[in-house]
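First chain written, first letter: the chains are A, B, C, D and E, and each begins at residue 1.
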Amino acid sequence: MARFVRKQKNEIGLSPEALLFRGVKRTDKTLLRIINFDAENLQEKEIKTVKEAIEFQNSDSVTWFNIDGVDNPEIMKEIASGFGFEKIILSDVMDTLSRPKITEYSNCIFLSVKMLKEDEESDNVAIENLSLIITPSVLISFQEKKGDVFEPVRDRIRRQTKRIRNSGTDYLTYALLDVVIDNYIYIIGRLGEKIEELDNRIVQVSDKQMLDEINTYKRELNFLRKNIKPAKEVMLGLAKTESELIQDSTEVFLKELVDNITQANESSDSYREILSDQLTIYHTNISSKLNDIMKFLTIFSVIFIPLTFIAGVYGTNFEYIPELHYKYSYFIMLAAMLIIAIVMLLYFKRKKWF
Amino acid sequence: MARFVRKQKNEIGLSPEALLFRGVKRTDKTLLRIINFDAENLQEKEIKTVKEAIEFQNSDSVTWFNIDGVDNPEIMKEIASGFGFEKIILSDVMDTLSRPKITEYSNCIFLSVKMLKEDEESDNVAIENLSLIITPSVLISFQEKKGDVFEPVRDRIRRQTKRIRNSGTDYLTYALLDVVIDNYIYIIGRLGEKIEELDNRIVQVSDKQMLDEINTYKRELNFLRKNIKPAKEVMLGLAKTESELIQDSTEVFLKELVDNITQANESSDSYREILSDQLTIYHTNISSKLNDIMKFLTIFSVIFIPLTFIAGVYGTNFEYIPELHYKYSYFIMLAAMLIIAIVMLLYFKRKKWF
Amino acid sequence: MARFVRKQKNEIGLSPEALLFRGVKRTDKTLLRIINFDAENLQEKEIKTVKEAIEFQNSDSVTWFNIDGVDNPEIMKEIASGFGFEKIILSDVMDTLSRPKITEYSNCIFLSVKMLKEDEESDNVAIENLSLIITPSVLISFQEKKGDVFEPVRDRIRRQTKRIRNSGTDYLTYALLDVVIDNYIYIIGRLGEKIEELDNRIVQVSDKQMLDEINTYKRELNFLRKNIKPAKEVMLGLAKTESELIQDSTEVFLKELVDNITQANESSDSYREILSDQLTIYHTNISSKLNDIMKFLTIFSVIFIPLTFIAGVYGTNFEYIPELHYKYSYFIMLAAMLIIAIVMLLYFKRKKWF
Amino acid sequence: MARFVRKQKNEIGLSPEALLFRGVKRTDKTLLRIINFDAENLQEKEIKTVKEAIEFQNSDSVTWFNIDGVDNPEIMKEIASGFGFEKIILSDVMDTLSRPKITEYSNCIFLSVKMLKEDEESDNVAIENLSLIITPSVLISFQEKKGDVFEPVRDRIRRQTKRIRNSGTDYLTYALLDVVIDNYIYIIGRLGEKIEELDNRIVQVSDKQMLDEINTYKRELNFLRKNIKPAKEVMLGLAKTESELIQDSTEVFLKELVDNITQANESSDSYREILSDQLTIYHTNISSKLNDIMKFLTIFSVIFIPLTFIAGVYGTNFEYIPELHYKYSYFIMLAAMLIIAIVMLLYFKRKKWF
Amino acid sequence: MARFVRKQKNEIGLSPEALLFRGVKRTDKTLLRIINFDAENLQEKEIKTVKEAIEFQNSDSVTWFNIDGVDNPEIMKEIASGFGFEKIILSDVMDTLSRPKITEYSNCIFLSVKMLKEDEESDNVAIENLSLIITPSVLISFQEKKGDVFEPVRDRIRRQTKRIRNSGTDYLTYALLDVVIDNYIYIIGRLGEKIEELDNRIVQVSDKQMLDEINTYKRELNFLRKNIKPAKEVMLGLAKTESELIQDSTEVFLKELVDNITQANESSDSYREILSDQLTIYHTNISSKLNDIMKFLTIFSVIFIPLTFIAGVYGTNFEYIPELHYKYSYFIMLAAMLIIAIVMLLYFKRKKWF
């Protein structure tokens, strides 16, 4: 699950501009979609060739050019030459295993983050690399496969919400990243609910299966953290950029992004602490239960030890053991044993040993 | 209790300016109150409409406009348009689960912190989000419900304390935040008293219930820390701001706020260390007690083992065991056993095993 | 002992300039003393009213105005108005529980640190809040009670040591703070001696009382650290200040202060590590001793188990047990038992089990 | 393996410019190779004397001068004087045990990093010191022995890849360092595969050999980390340099290097955490298995203790024990023993003790 | 050994310029030596009075004035007045227990570091305080006693090594500090060898004596670290100074110093980690060995428990025990016991309990 960056031997020494797809192929066909809008007009369509998108480059309206599937070097090449991007940008887009980052170029800002999405059926979290290229009039977004979390943003554009239809690509970028971070918070919250639910159960009783649960949650949380943590650097980079692509009016929203990602990180930190506390409680419970058992068993044994010894003494075959011949000796012995046992029990009780 | 930030699925992708209340609804009706004062005059009243408050906007006197209840989007909208605020500010006000923050806008400073208040009846700590909007002549404060901790400030205004009646909204802001931080210190102190009281008890005797106490205090302290820690950033932000809304003469008081919140944080750090030490002492005590019991029981058993063995030997049915036929054999055996037991005890004693 | 900052409920919301004494009242009467000197002249006297001190304000000579006892609001008020200080300074002076700090005002520098002093009789460490107000010609020092650690400085002034008699209030400040820090180092050193002495004892033998010693030293060290740590910020603040009240020639001495307080902090860090190592050694010793005992006892028991079993076998009442009837059976059994025991002992020995 | 820096007694106090080889001699003969190229031409040859390389110094084309073997002071001297380098640079080149570093000189940039290379036969990682001297037209690289990881770069130069043939020594430097870092990632990834494979095994069963595996991986990872960590400083230094030797167009690639090395460091951090978790799981498993055994054995013993006691009672030789004479006593005793054993088992079962 | 800074009660409050020797007196007579040189000439002699050294102050040649023994206030006074130094410098020189530091004065740079030197006979590390005062033409070095580590530098001067004879006091300072740091690395390396040698032994067998070794090395390493760590600040301060006393050409060598001290610190960090790992391995080994013993003993006991029980049953004195009268009962019992023991052993074996 962890998706660490790895290199294949044959990837070493490639040109940084080589358009090589790295990752798991997730789609058969690259899907190109366009949403072009300004305050009055809205045009939404699927396009066949990159060329159709390039035409929007110099219009006054805002265009959101979304590409699903990043494994086709041909399309990447067309985008690079059509929009005049450095080739290294597209190489970064195709490296879906790379670390979230933000880089400013002379004619655009490139940024990539991990997109987390809950798969409602399997209760799993799907991870995808999202790359954005911000240009003055076109925002290009690259996703690894069809189906995304941006439907609410499309709805806002369609419903002609004033702000988004009157702003540029920078505000659109904010809107997309806001959804990404909201999903982070949502997914951490879902995991958090399970963790807090365990919190109530663990104080009552501890069994081995809880340990497995804790370890599972710990791994899931680590997985989330690894993907969310570096996104903060990207948000900070975006909020602090002095690029002309970001208008002053958008800055307050970018600060909002930083606040949100900080909040996501802090609550993941909190859950980590809770998990660590749960682990301690689990181990304390287990060891305290074991101690109780061993103590009980030991006390139980100890009580019988002098009694068995006494029986042993009267089991000896000496010729002259006076006690053996008194009529009530046997019953006296039994009574003595009972008294010894009771006295020991009382002594242990008073010492609060059980 | 922890009130972590969570997102509902349907909140994802909302416009940042959507006036959506997030949190637990705590009041039925929004309550608007006005205190308007300058060095000579004082006017205090409950108002029905936001419009009445807006009128004070351009007066030379200072107005404290307090709103109890932040779940009414209509009122928020009126405030935004009446005072000319960015809508995102009011959206932040309504998000009572958000992280404490401070943001400067062109015509105001917005800040929010968590307000802790001891519920004297239930001995619980109630938490509320406090938002402040500082403008040149009006300070707007938003609380989640009626009833607050600011009565001493109102008294100071009424009693015509020179400084507060002659200063602007910046000093009033200081006065409110000072009360908030004083409450932090007070509440940490209350918890601290319990922790220190436990400190005396735990060295004497350790039982399971103390572990529960420690864990309870730890959770409470973590809860307090999570809410207090980020407030320091807000205080620092306020002390360092170069906004014209903050007069030079107020700066020394804002530094005082930073000192106080630092002190609150440090004493919460101290209590955390004490709790962690207590946990160690508890575990040391428990394990040392268990070790003592096991050692005692083992030594007890060990003393009987050779004795039982001797009895066993004379319980064998061999035909020729010379000792069996001497008259005093039985008593000699008992004496030997006694001597063996005493020698062993002395040996263990000399070795300081018990 | 820990003296954490606490708030009383009724202190919340007070004006920051309210002259309220916080702390433990330690003196009955406020004592005012004046030392006025320049290169040639020296005047030392006890004064009755603040007014007498104020007269020195504009002289060319240097005046050290020392106040023992900070619980009298009247005197504070006179000082504030007489010297033209902000009232908040005096409010800070009276809050003896506050955190060490340094604040620059337009006409003075205010700083406060904790003063540690060994009570030679009781071997305890007394803590006191020391506040200094540095003005061009008068240095005002506030102590909580009579009797202080500054006698050596007074002696240096009286003995007409060139440097101190020719310098201003800044050098005098340095001299006082130097004594304060020297006392920190001295007191840490005293505690350190005890810790190092324990270091030698603990490797030989560990008993419960040593654990108590370690815990006591740990608490004492934490107490010292909590009071000394924040003083470093004050020294750094003083060394870095660009106030005109500090002459260039004094700066090198202020850097010396920073060096000294750093040294104090580092040696307290070292002792903390030593204590932590001692704790580990203690626990290792205790658990290793317990293990040795349990191992011994277990081995002892195990050797008797097969022997007792053999005796048991020959204690059965079967009619046909051939061995029972041979004449030397009993002695052969005893010999066999001895051999078994020796073989087991040798086996355990070879395995290095004891 | 660790190759810590050590000093021989006789090395102390040597002039910093003394050309003394430090490290393990790895080659018999120093090998000098030249690749000289521009957009159109390419010349690749082995040379005999340093002089031949120096001639390229003032040409417009780019020359990569590679030296295999750094233990020959004569050659170092010739390079220093031929290219006009400070002698300390060559002294650093010959100190193969030194820490990665970057230093700017007036006429060149010197940098050194550790080069990791997988030895495919032995599955070991070979480490070598790589030094680079960047001058306007010649890039000089020093390796400890023949055979390197740079073949892909040579291929790119030969295949006339546009970018590399049209750029200067700065881009060539990037290309070499990129290969070095790719090898870091590859080697960490190889180790990571083993660690993750262990991750699956360890949850099922824990044996001593796994502990050895974990410790081995931990050491290998520490070895890698120690060599990779300081390389980040070098990459940052290169990315931030304002030297004219680095063209603006190359900067984006240098930032790429920083991203890659960061990624390498982060994944090594992740593996470290995984190893630490595995250690915890291992110890939990071992101790939980031991506890289960001890619990089983104790319960087993405890059940027999009262039974043996009963047998002991009826083994006593009292004259009057009524039970001994009833016909079915023996069988009743056996039945009672069975019942006692079953009751105890059920009790322990219900208490969930096994 | 640790040489923590301590204050005597009577040292508190002394003037910072008081020339009081602090430390252990290590020499009877102060020894003054002069080496005066320029590119052509070299003069080396022992002098009687400070005055002779002062004469070199204004010459163009470089003079290294070395003083062995810092406990003579008279000589210090003469140096201060002769060279025109602030008295506080000499006070620092005499305080041999103080922390390494660097301070710039108007006419000189003062720095002090700890000098470590291996005593080859006793295998101990001797520590000495080294103070340097850098002036334009004279470098003054203060050592605590005769005999030092600088002989290689003197040799370099005598052998007319070009660089050192043509440079100023700044390069000479570098040369001395380089020797000091080389000794740090050498001494850490010596300790490191022992630690690595232990590393090989500890995986095979763990005994108590190894624990002592680990603890000894840990203390020695801590001692080294405490003395070496602060030297880095001094080197950084020297490398970053903008004083005119340091020529541009020397700066690259000072950076070298920073690199070297960083390397020393890093390798001491590495050894610390190794020691900490060794401690963990030791404890794991010890506890695993104990567990094996206890497991063996417990299993051994458990096997005999049912056998002894059976013997007990046939030792009862019931009148009617049918088995007692069959001829082969005894042998059947023995056989049954053997089978039970074997079955139990197999069961435990299959469960992998031993």
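General remarks:
Everything below uses one rule, namely that contacts are C-beta pairs under 8 Å (C-beta built on N, C-alpha and C of every residue); 3 or more make two chains touch, one makes a residue touch a chain.
Bear in mind that the values here come from a model prediction, so they are computed numbers and not experimental data.
Its C-alpha atoms superposed on chain D, chain C is turned by 145 degrees; the angle is given in steps of 5. Note on chain placement: the centre of chain A and the centre of chain D lie 27 Å apart, centres being C-alpha means.
Residues of chain A in contact with two or more other chains: 294, 298, 301, 308, 312, 315-317, 321.
The ring sequence of chains is given as A, D, E, C, B, with chain A as the starting point and chain D next.
On the side of chain C, the complex with chain B involves touching residues 2, 4-9, 11-17, 86, 88, 98-99, 101, 103, 105, 208, 211, 215, 218, 222, 226, 283, 286, 290, 293-294, 297-298, 300-301, 304, 307-308, 311-312, 314-317, 321, 323-325, 327-330, 333-334. The residues of chain A lying in touch with chain B in their complex are 149-153, 155-156, 161, 163-164, 174-175, 178-179, 182-183, 185-186, 189, 192, 196, 252-253, 255-256, 259, 262-263, 266-267, 270, 273, 277, 281, 284, 288, 291, 294-295, 298-299, 301-302, 305-306, 308-309, 312-313, 315-321, 351, 353.
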